[in-house]
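All chains are identified by letter, namely A, B, C and D, in their written order; residue positions are counted from 1 within each chain.
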Amino acid sequence: MNRLQVELPGLSLKNPIMPASGCFGFGKEYAQLYDLSKLGAIMVKATTLEPRFGNPTPRVAETPAGMLNAIGLQNPGLEKVVTEELPWLEQYDVPIIANVAGSETEDYVAVAERISEAPNVHALELNISCPNVKCGGITFGTDPKIAGELTRAVKAVSSVPVYVKLSPNVTDVTEIARAVEAGGADGLTLINTLVGMRFDPRTGRPVIANGTGGLSGPAVKPVALRMVYEVSRSVSIPVIGMGGISDVDDVINFMSAGASAVAVGTANFVDHFVCPKLIDVLPDRLDELGIGNITELIGRSHRI
Amino acid sequence: MNRLQVELPGLSLKNPIMPASGCFGFGKEYAQLYDLSKLGAIMVKATTLEPRFGNPTPRVAETPAGMLNAIGLQNPGLEKVVTEELPWLEQYDVPIIANVAGSETEDYVAVAERISEAPNVHALELNISCPNVKCGGITFGTDPKIAGELTRAVKAVSSVPVYVKLSPNVTDVTEIARAVEAGGADGLTLINTLVGMRFDPRTGRPVIANGTGGLSGPAVKPVALRMVYEVSRSVSIPVIGMGGISDVDDVINFMSAGASAVAVGTANFVDHFVCPKLIDVLPDRLDELGIGNITELIGRSHRI
Amino acid sequence: MILNERMKVAGQREIARNIFELVLEGELADEIREPGKFVHVRAGETMDPLLRRPISIADYDDGRITLIYRAEGDGTRVISEKERHGQADVLGPLGNGFPVEAGAPGTKALLVGGGIGVPPLYGLSKRLKEAGVEPVHVLGFQSDDVVFYEEEFSRLGETHIATVDGSRGTKGFVTDVMGALGHEFSVYYSCGPLPMLKAVADGMQGTEGYLSFEERMGCGIGACFACVCRTDTNDPGYVKVCSDGPVFKAGVVSI
Amino acid sequence: MILNERMKVAGQREIARNIFELVLEGELADEIREPGKFVHVRAGETMDPLLRRPISIADYDDGRITLIYRAEGDGTRVISEKERHGQADVLGPLGNGFPVEAGAPGTKALLVGGGIGVPPLYGLSKRLKEAGVEPVHVLGFQSDDVVFYEEEFSRLGETHIATVDGSRGTKGFVTDVMGALGHEFSVYYSCGPLPMLKAVADGMQGTEGYLSFEERMGCGIGACFACVCRTDTNDPGYVKVCSDGPVFKAGVVSI
């Protein structure tokens, strides 16, 4: 029995650790560093129908214990992802979660339909929460009605379970969560980035060329934990938690808050081996905490 | 001519630096450390109609580059504030901004009416955004209609200008800003804290006895800057900016983003002399940046 | 007066497993008037870790203070890396310490410490001795490897060690030792975890006593209301550990 | 192979105002095959500063690398406090460096550096010299007090300094010096601020050249798309500075 095993819709995870979308490309770069088969799953970079160049640079800026990014969903487009990136990943024994983005419902549907048929794509992650693109993106993620409808439309065409990625930039995240659950979502992933800015004191201008960027990293962890806690208590579909995770106790805490698995984003830039390290130290930490099976952690804060 | 001078409704500030509410009590403790007359103004601790004990402890927890607090508006109540705390502060040449809190409109109105008559209270700060109290507080701050009405009710009784303190825990902060402007607010202050949590990996429980707490400190600065930027572009009343300010470039950046003055909260716990230090170094930094008068900074990012 | 000083690190050494003794030099030392006060130490220079760490003044002397602390979390671990000739950003002295004058010369005083509650009792013991009061020490630890300052305390007076696992001294808690002491005490002083303070206060009912409390802190000077404890009296019904304490007369704080 | 190593600090010194030379020891050094690659350095151990800092490998040798950098912001200032016998968390070697083989033995190569773009040219110059190519250096700085390695470069070949304020060498920019050189070059290499790269490339049109670029980075290995630059060709229309560069043949990146 593998005590790190977690079963989720579409995903049989040998451990609950996966890199978060946008922080791991399509895996090729990190594959130079370690064996990707070690990972519980991989959330690959957002894919849109057409190739996108993204935003002008600078696209990233450091903030206290965090960073801003405004990549702007740069990606090679559906065709290349399906014919080149995903087939390349098939050499690894790891389920892929495809992050789907678009400007309109039709885009999401078209990408979802095709990408969900790739043999190693075991689930979709609907990105309705990217703060860095002009149309679509975040408005889908802040209006419960639109979010629910988009989920329904994508569910209708997807051959694999659909997870919806929630934005933290809302008054009540549980409202959106319930709406996408009602729309048929199989699971939720949260949080995406908080909208933030940094300025250059010399010029008075924003440092990020796009003006605003998405805040990620340890700085946002308290907000992410709170939202995972709130959301997991208000829906009955599983939650994959993320936002600032960088050490093993973060994993424990997100799961205690209600996550069934976790994703690691920004920390991959700080310690490029963070994912395999977390997987290696988890069993020892479970021993220290007197936890037999990792699933015992899930939502334990709700029970006490 | 004092190049740090800023004129705001009710407030003639010899410099734009003031301690933020809740981080400075009613001034007595910091008065042991330096002369309070040095400050541009003081935002004193939230005052409610009746004395409040606040939440159980632990009430604070550290987070990466930030902290959570759930003090729960502990304060000695209107009577004591008006008869003891404020008169004591009269010995200093510094305008006081009284932070007004309550559970219902009537509480806010009662506190506002009486406290605005204190001779050294030059403005009110309506706290419609405290995340740490059960009723009132944050709901006032997340519903534009209620926020606007509360503002109107308080304006009707206040003898001094009314600033409304906005919550960052909303989908669209400009919507609330416009609503309270329409309600007659003379200015805005933002941001209050973001709702967050921290867990104890051993027990799986929240570290803060209250469960959730308000996140403040450098971690939230990018969110605060973004909201100051957005809000100051969408209203025509002045904004006092805060959220993570700890060095002189933070002051420059908040003003560039659109703030007319700034408040310093959490940083007072890290460097107890931060406010007078900022006031001392501001002129040199203005020189380095080639800025004559500090008011030239206000909203300069909007103009480029 | 409360100073914020970049004190000079005169020395730092690990005196038991993860327990460090840090000696700092600076003017702040000369502002200390009684044992049991604390300082608020900034760990690093960046924004993480952010908050200062409250640490008791274990001892103080002309121009020097000694801190003894456990390096456990993010902040204390950074502090433990400070090296001789380096600096430490210290705010203090803060709070109200132990009243040495509560012990009448010629009588015995009982000092009961647990774990990282032991350090401030060292400075207290020295001052009691100087004032002609005979200190008797009961010090509780988890296990042998985290015991510290046994010799230093022994030099000042009778010293009993208790460890939870029995690996040094009496097996059990400080109260197990206290029961068998058979002295008369004019006053007792205690610092340690809350359950210990409660047990000590219960066991010493009838004797004048002073307890030093711990609470999570923000400002450390009384401004933020992070560190309040309820009191048994009603007006205002609470005290702040940082500025009203950390030492309170037994019976003041509800435990 | 890319390693993530806690390298040993063999030495660090300030070689000009706020310019530090840091020598590190470790296995990573033996993975470097060409000059102009860079490493990604973690400043501290806590979460602030968070991101790694990209720094060019100025020189490398058996088991050692030399970094030369300006301590300016939060991260580099922390790095500049590292002391001998301490450690540095380094990821590398990263990216693609300068092709030494582009210079034909017996010919001259022009190396043009500006400010903190100068360091990687040092390792390049050494390798060119070893390969029988004669390096000629034109190095631009703001002012006298931030000039570094003039002697080291002079030992390898003809070296011209330009300072903006004229406090050392020629007053003006590197291009002011370049105009008056009167040599024939088979190849040129350049690293420095974008306007300088543009001016150098313009001035050297017709000669084969290699330019090293800077962009804000996240991952440093090609995964995050932070560091893209547009190219003059259309498929895919961009390059990543971290993994496709930082060195590109002149003409590839749109400037």
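Just so it is clear, a contact is a pair of C-beta atoms (placed from the backbone, for glycine too) under 8 Å apart; a residue touches a chain by one contact, two chains touch by 3 or more.
Heads up on the chains, UniProt names are A, B = Dihydroorotate dehydrogenase; C, D = Dihydroorotate dehydrogenase B (NAD(+)), electron transfer subunit.
Keep in mind that this is a model prediction, so the values were computed, not measured.
Chemist: By the touch rule set out at the top, what is the minimum number of steps from chain A (Dihydroorotate dehydrogenase) to chain D?
Modeler: Minimal hop count between chain A (Dihydroorotate dehydrogenase) and chain D: 1.
Chemist: Starting from the mean Cα coordinates of chain A (Dihydroorotate dehydrogenase) and chain C, work out the distance between those two points in Å.
Modeler: About 46 Å separates the centre of chain A (Dihydroorotate dehydrogenase) from that of chain C.
Chemist: Nearest whole angstrom, what separates the Cα centre of chain B (Dihydroorotate dehydrogenase) from the Cα centre of chain C?
Modeler: 36
Chemist: Indicate the whole-number Å distance between the mean C-alpha point of chain C and the mean C-alpha point of chain D.
Modeler: 53
Chemist: Send over the residues of chain C in touch with two or more other chains.
Modeler: Expected reply: 47-49, 74.
Chemist: Provide the list of chain B (Dihydroorotate dehydrogenase) residues touching at least two other chains, using ranges where the numbers run on.
Modeler: 63-66, 217-219
Chemist: Make each chain a node and each touching pair an edge, then name the shape: line, ring, star, complete, other.
Modeler: Topology of touching chains reads as complete, every chain touching all others.
Chemist: Touching chain D in the complex: which residues of chain B (Dihydroorotate dehydrogenase)?
Modeler: 64-65, 218
Chemist: Quick check: in the complex, which residue numbers of chain B (Dihydroorotate dehydrogenase) touch chain C?
Modeler: Chain B (Dihydroorotate dehydrogenase) residues touching chain C: 22-25, 28-30, 32-33, 45, 51, 53-54, 57-67, 69, 71, 74, 76, 217-219, 246, 266, 268-273.
Chemist: Could you pull out which chain C residues touch chain B (Dihydroorotate dehydrogenase) in their complex?
Modeler: Its residues touching chain B (Dihydroorotate dehydrogenase) are 1-2, 4, 42, 47-52, 74-75, 91, 215-230, 236-238, 243.
Chemist: With touch defined as at the start, can you tell me which chain D residues reach chain B (Dihydroorotate dehydrogenase) in the complex?
Modeler: 47-48
Chemist: Going by the contact rule set out above, which residues of chain B (Dihydroorotate dehydrogenase) touch chain A (Dihydroorotate dehydrogenase) in the complex?
Modeler: 63-66, 68, 142, 169-171, 194-199, 201-206, 212-213, 215, 217-223, 225-226, 229, 244, 249, 252-253, 256-257, 285, 289, 297, 300-301, 304
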